Every structure is written in structure tokens, then in C-alpha cells.
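Order of writing sets the chain letters: A, B, C and D. Residues in each chain are counted from 1.
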Amino acid sequence: MDWDLFLTPYKQAVDELKIKLRGYREQYERVSEHSPIEFVTGRVKPIPSILDKARRKNIPLNQLQTQMQDLAGIRVTCQFVEDIKTVIELIRNRSDITVVEERDYIADKKESGYRSYHLVVNYPVHTISGEQMTLVEIQVRTMAMNFWATIEHSLNYKYEGRIPKEIKDRLQRAAEAAFHLDGEMSQIRGEIQEAHRHFMEKKID
Amino acid sequence: MDWDLFLTPYKQAVDELKIKLRGYREQYERVSEHSPIEFVTGRVKPIPSILDKARRKNIPLNQLQTQMQDLAGIRVTCQFVEDIKTVIELIRNRSDITVVEERDYIADKKESGYRSYHLVVNYPVHTISGEQMTLVEIQVRTMAMNFWATIEHSLNYKYEGRIPKEIKDRLQRAAEAAFHLDGEMSQIRGEIQEAHRHFMEKKID
Amino acid sequence: MDWDLFLTPYKQAVDELKIKLRGYREQYERVSEHSPIEFVTGRVKPIPSILDKARRKNIPLNQLQTQMQDLAGIRVTCQFVEDIKTVIELIRNRSDITVVEERDYIADKKESGYRSYHLVVNYPVHTISGEQMTLVEIQVRTMAMNFWATIEHSLNYKYEGRIPKEIKDRLQRAAEAAFHLDGEMSQIRGEIQEAHRHFMEKKID
Amino acid sequence: MDWDLFLTPYKQAVDELKIKLRGYREQYERVSEHSPIEFVTGRVKPIPSILDKARRKNIPLNQLQTQMQDLAGIRVTCQFVEDIKTVIELIRNRSDITVVEERDYIADKKESGYRSYHLVVNYPVHTISGEQMTLVEIQVRTMAMNFWATIEHSLNYKYEGRIPKEIKDRLQRAAEAAFHLDGEMSQIRGEIQEAHRHFMEKKID
């Protein structure tokens, strides 16, 4: 299997979607409004992870294109929980992206404490050998959710999915602290948004 | 007129098209083939230039969106004259870009000595206030054509379109030297392409 | 006063220091160690802010170069409170940077709740008119500290330094939630670092 | 040999020098003067090329740091032959770079037709394990010289240094065409520089 060739359209999809979603941020700033998007990052899944996941989920390598939804991944980080909804609407309204699945792990958080909103989308790219459809997973989260998720991800690798009870409890407390910070932030949000508008108009740092 | 707001979709169009066209280059390199694209640059027309051109061409400011074709500009630079054709085909074959006009100043160079291939295209962008169509001018040239054009452009500004005869003659000789270099390059091209393929496969710099 | 000319060396200082500090992050990742640096951002102080501050602090415009310490600003964001110390040591050990002042608002947080470590440094840049010394302020913070500081900054502008009691109380609660999250993170830190090492070695995402 | 670790300071040197030299270009534009620097690119020598060169030149791998001068390479491209001198002066005047060798293949071009000015410099970088001196080769060329050199480089790989007579003759003619273009450009240069100044002041594209 020529991985370089196979992954080329996914790399292109990630590059294009980063530019497209980052564009919103700049546009909000230009009209002095709070941007629901703080950061946009993206990656193509590393080959060992693809092989690992294909084995676990019993996906034949010749069906990766239709069966593995996160070969291309985009992550959008927001300041406030309320921003997540706005980002989802921006994505749903685009004619160049087709949403094929949504998973709301915020309303319905995972047992581990994981919170995030996932969209799986179809996105067409043009390569030197023509147009090709790609599946891309877009994760939308607050900074606190993101922080926690990064840590849980690392611990899961360390313990190969079997995190000891003591560590699990600590992780749970960190999840609660992150959740609490998001709550405090939401309360102060109205104030901040108005302040932000004021601030951008003055164009003073 | 709120220029910042008006030019936002053009800035976005330029950013997206740069990523899309640069993607080709990387793809050619990955399959060890000569890339017809050497550089891709882009710019939104500066406001004083817009005002100046609107005055000269009698375009009312509320008709800029449909009447001024180069508010957003993309420039693709190629190594060989032969590459220009390939680039044009790549653009014509995209479903996200609609070519509305083509001007071939290579087969039919301007009196001044100017050579380049121009495409005017329709390109849709999604902003925070919805989808919008933009006109973008894409110029395709060799490096030698580009070098010459940059200089002629500067001299035209200096002399406000009335370049003295002596300078004009020198400019003409430089145009011929650039044209001659392109010719020598074309002749050596077959060799180079094969060599390039060889070179990339070895992955030795 | 030619601001463009005056601010040129500060822009150059910011660009160079971003590259230099971001380099560390990549190096830690390459040896599979936890990086004490998560993000590095930078900015040159906008002209209206310079004028505003000069007025408030009674700094004559011809003494800006020696009297205003944050014309060039660098911000380093860390995952853990413990990382801040490591970053400070990396900076102190460089022969191309001279630390001229340090302010520890973490051990000794401001009344408002503000926490951060500030270093003021001398940094030489080479411009087209020769070498010039610049003063640069480097702020080192955790992500939670940074989040809180951004909000307080905006609110201060809105209320011109006179934030109403109710808002102040909310801001205080958010500062406590951020502080609490930093604490939970520190506790889980040893685990995470080891996990991170494990994770990078496997090179699985 | 841990190549990743060994090449880390060279990668950092390339990144820093690119920012430092590109800074000049921006500064010239800001004061509306012709920039002697058109492009700055850089690369760390790929591992197969290092091994190949070490074999050819009999350099033991543990002496690469002091014996191989182009592990880190920077290329500065200029519009005019006259600009090369200015770039060399800018580099010689920096206190953070020490020139250890200069080779003038412009006054004294290689038999093949190759023209370029080479500087070998010492440049200190700070890594997570402390300060380290690196050798960097800086090549300064016009665009026409660069174009020709790229092609000759590829052909050399194809024919493993033994380019057939016919191709060699063609290459020679292309070198002459490039040289001729540089000559025409020099003649028109005074005009262009003044025009450029005029053009930047008007801030019209």
C-alpha cells in the first residue's frame, strides 16, 4: 500500500479546512465581535494509529476510505460552551461540506468524563488525479474540555486502556475542575462579550 | 464604504486558492514528477489602486463586485512555458472554480512585450454572513515572464504610463533576453524532467 | 514621529524570539519529553496603546526605547505551573538575551487575582541601519492563568479600570476556578509526564 | 547515530537565519527602498546526501560537525547582480554571525557555468541541552543564476556527474542566456530602483 499517495487527499482536506475555519475568526475580529472560534488545529492520522485502529475495529485496509472516519481530523477550540453551538451552525450551513453524522458528547458525556461535540463530514478535494471525496472528523470543544481530553488520551496510552482506580479518580476530579471553570466562564460571558466589542472598537491592546 | 467588510471575502478567496493551488505542487513532488507549479502568490488589490482603477474605467463603487475582475489576484509561476498549459487544465477541471474569461497574452503578447496567461474565475466563499461569489484573476507565467512584468509594472508607475523611448528600448531588450531564456529552457526541458524524476526517487538533495 | 521606522526593530525582535522559543518545544518532542512550552505568541504594542500608556506613565516619546518595557511582548503558555520555572531557566541561560528585571506575580499574585511571571529582557537585533538593543517583556503563564488574564484585560477596558463590585466578584470566582484547575493538573502531572513519554515513543496519535 | 538529535541544532539555525535575513527585506520595503533580497530559503541536508558526501570526501561521521560545511544551508536570491554585494555586507556586519570562509564563483565562475557567491559562517544556537556552534553555508545568487543551478544540479544526479556532451552544450547555452538576462537587468537597474521607490511611496499595487 502506497500510504503517501493514499493520504495525500486527506492532507489537502486538513489544510483547506484549517484555512476555511480560521477565516471565520478573522472575520469576527474585523467586525469587532466575539469569535466563537479560538484555535483551529488539524492532523492526518499517523500510519501506526491507522493500522492499530483498523485491527481493533476489523476494517480491511481497502475499505479505509469509507470506514475510517478520522483519517483527517480537525479540532476547533472555543472560549465558551455557548460558542460550540455557533460553530456547529457555521459548519452545517456550508455548501462545500456535507455533515454525515453528529455525536454530542457534551449533552451526553462519556463515562470517563470526556466532553466534546463531533461532526463527521464529507469534503471533496481536487488532486492532480481528479476530484475525490474525503471523510473528515471535526471535534468542537472548549479550552477546558480540550485540556482534559489531551491528558486522558495520554493516560489511556500509558495504561493501554486500563487506568488504575487511583489515577482514574484524580482524572475525574480534574474533569470536574474543568467543568466548573467552564461554568464560571459562561456566567461571566455576557459581560466579556460586551467588553470585547468595546475593546476591539477602541483598537487598543 | 466599509472597505474592511467589503474586501473580507476577497481576502478569504485568496487564502483558500493559494492553499488549493500549492497543494498540487506538493502532490507532484510526492509522486516524483516535475511540478508545473513553482510558486503561488496572491494579494487583495490595495484600496488606492481600486479607487484609481475605478476612476479610470468609470466603474461606480457599488458595482465593483461584478465589474472589477482583479480585486482578488492569484499568480502562478512556472519553470517552463509548457507548464502553463498544464496549470490551465488543472484549473479548468475543478468543480469549485468556474472560469468566466481567458486572455492569452503568450500566443498574442502585448505591444509592450508583456506575456502571461490570464484566467478570470468565479469562486464562492463562505463568510460569517453566508456564501458569496467572488471574481478572481489568476495569472499564469514563467519565472522569466514574471521577472520582466514586475519591472515593467514599476516603470509604468514611475512614468505614469509614458515611459521614455530610451527606457522602452532597454525594456524591450530585457523582454527579448527573458524570452530567449524561456526558449533555451524549453529545449533542455525533456532532459530536466527525466532528471528530476530520477532525483526525487533517490531522495538525495 | 515615524512609527513604522521606530517599531521595526521591535517587530524583528518579536519574530526572532518566537522562533527561538518555539524551537525548544520541537526539541522536547523530538526526544519524547514533556515540553514545558505549549504555545508562544508575540505582538508589538499597537500605537494607540503606546500613546495611552506614555500619557498615563508620563514617558516622553523620545524616551520610549529605554522607558517602555513592553513595546515588544512575548507570551509563553505552559500546561503546568511547574513548567514556568523550567521556561525561566531556559531564558536565563541564553547568551543572546539579558534579563534586566523579573516580577513574580505567581508567588505574589495581584489583588485582582492576576497571576503570571514577567521577565524584562534586553535583546539585540540587526536592522538595515545596524545593530540595536530592544527591551522585550516576556510573560510566562499556565493556560488557566492566561484564560483568566484575557478576560480581566477586556473587562478593564470596558469599565476603564472601574469594574463594578458584582462583576469583580464573579471574576474572583473564575480566578479561583482557574487556580483550582491548575492545582488538580499539578497533582496529576507526574502521571501525565510519564504517560507522555510512553506515548511519544510509540509515535501513535 | 541519532540523526534526529544530531540535526536538531542545524534545523534551528536554518529557521532562525531565515527569519533574520527575511527581516531585511521587510525593512527595505517599509522605507520604500529596493530590497537586495528577493527570497530566502533554507534546508537541512537530507541524511542520504550527508552519507553520500561523507563517503566521497572521506569525512568520518564523528567529524561532521566541523568538517561538513553545508549541513545547514541558506539560499538568498536577488533581483540584480549588484544586490549580491549588499547582501554580503549585511551578513559580514552582523555580530551574531562569524564568516569563516568566502568563495566567489561569480568573479570566478566554475567551468560548468555555475555562478554564485558562497559564505561559510559560524552561528551559535541555544538548544534544550545548551549552546552549540553550527556551520552554515549561505549561497547568494540572482534569480537567473538560481534557475540555471537548479537544472544543472538535477542533470548531475541523472548522469551521476557525467553529463553527455550534447546536453552539456545545451546547458552552456542556457547559462549564457541566463547571464545575458542578468546583464540586461543590470542596465535597466537604476531606472527600476527609482521607479520602485516612487511606487512604494504611492502605495499603489
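Observations, loosely collected:
Criterion: contacts are C-beta pairs under 8 Å (C-beta built on N, C-alpha and C of every residue); 3 or more make two chains touch, one makes a residue touch a chain.
Bear in mind that the values here come from a model prediction, so they are computed numbers and not experimental data.
For the pair chain B and chain D, there is no chain touching both partners.
Relative to chain C, the chain whose mean Cα position lies farthest away is B.
Interface residue usage between chain C and chain D, two copies of one sequence, is largely shared: over half of the residue numbers at the contact are used by both copies. Distance between chain B and chain C, defined via averaged C-alpha coordinates, is recorded as 41 Å. The distance from the centre of chain C to the centre of chain D, each centre being the mean of the chain's C-alpha atoms, comes to 35 Å. Centre-to-centre spacing of chain A and chain C amounts to 26 Å, using the average Cα coordinate of each chain. Residue positions of chain B touching 2 or more other chains: none.
Touching pairs of chains, sorted by label, consist of A-B, A-C, B-D, C-D. For chain C in complex with chain A, the residues that touch the partner chain are 43, 45-46, 48-49, 52, 79, 143-144, 147, 151, 154-155, 157-159, 167, 170-171, 173-174, 177-178, 180-181, 183-185, 187-188, 191-192, 194-196, 198-199, 202-205.
Interface residues of chain B, counted against chain A in their complex, comprise 4-5, 8, 11-12, 15-16, 19-20, 23-24, 26-28, 30-31, 90, 93-96, 124-128, 130-131.
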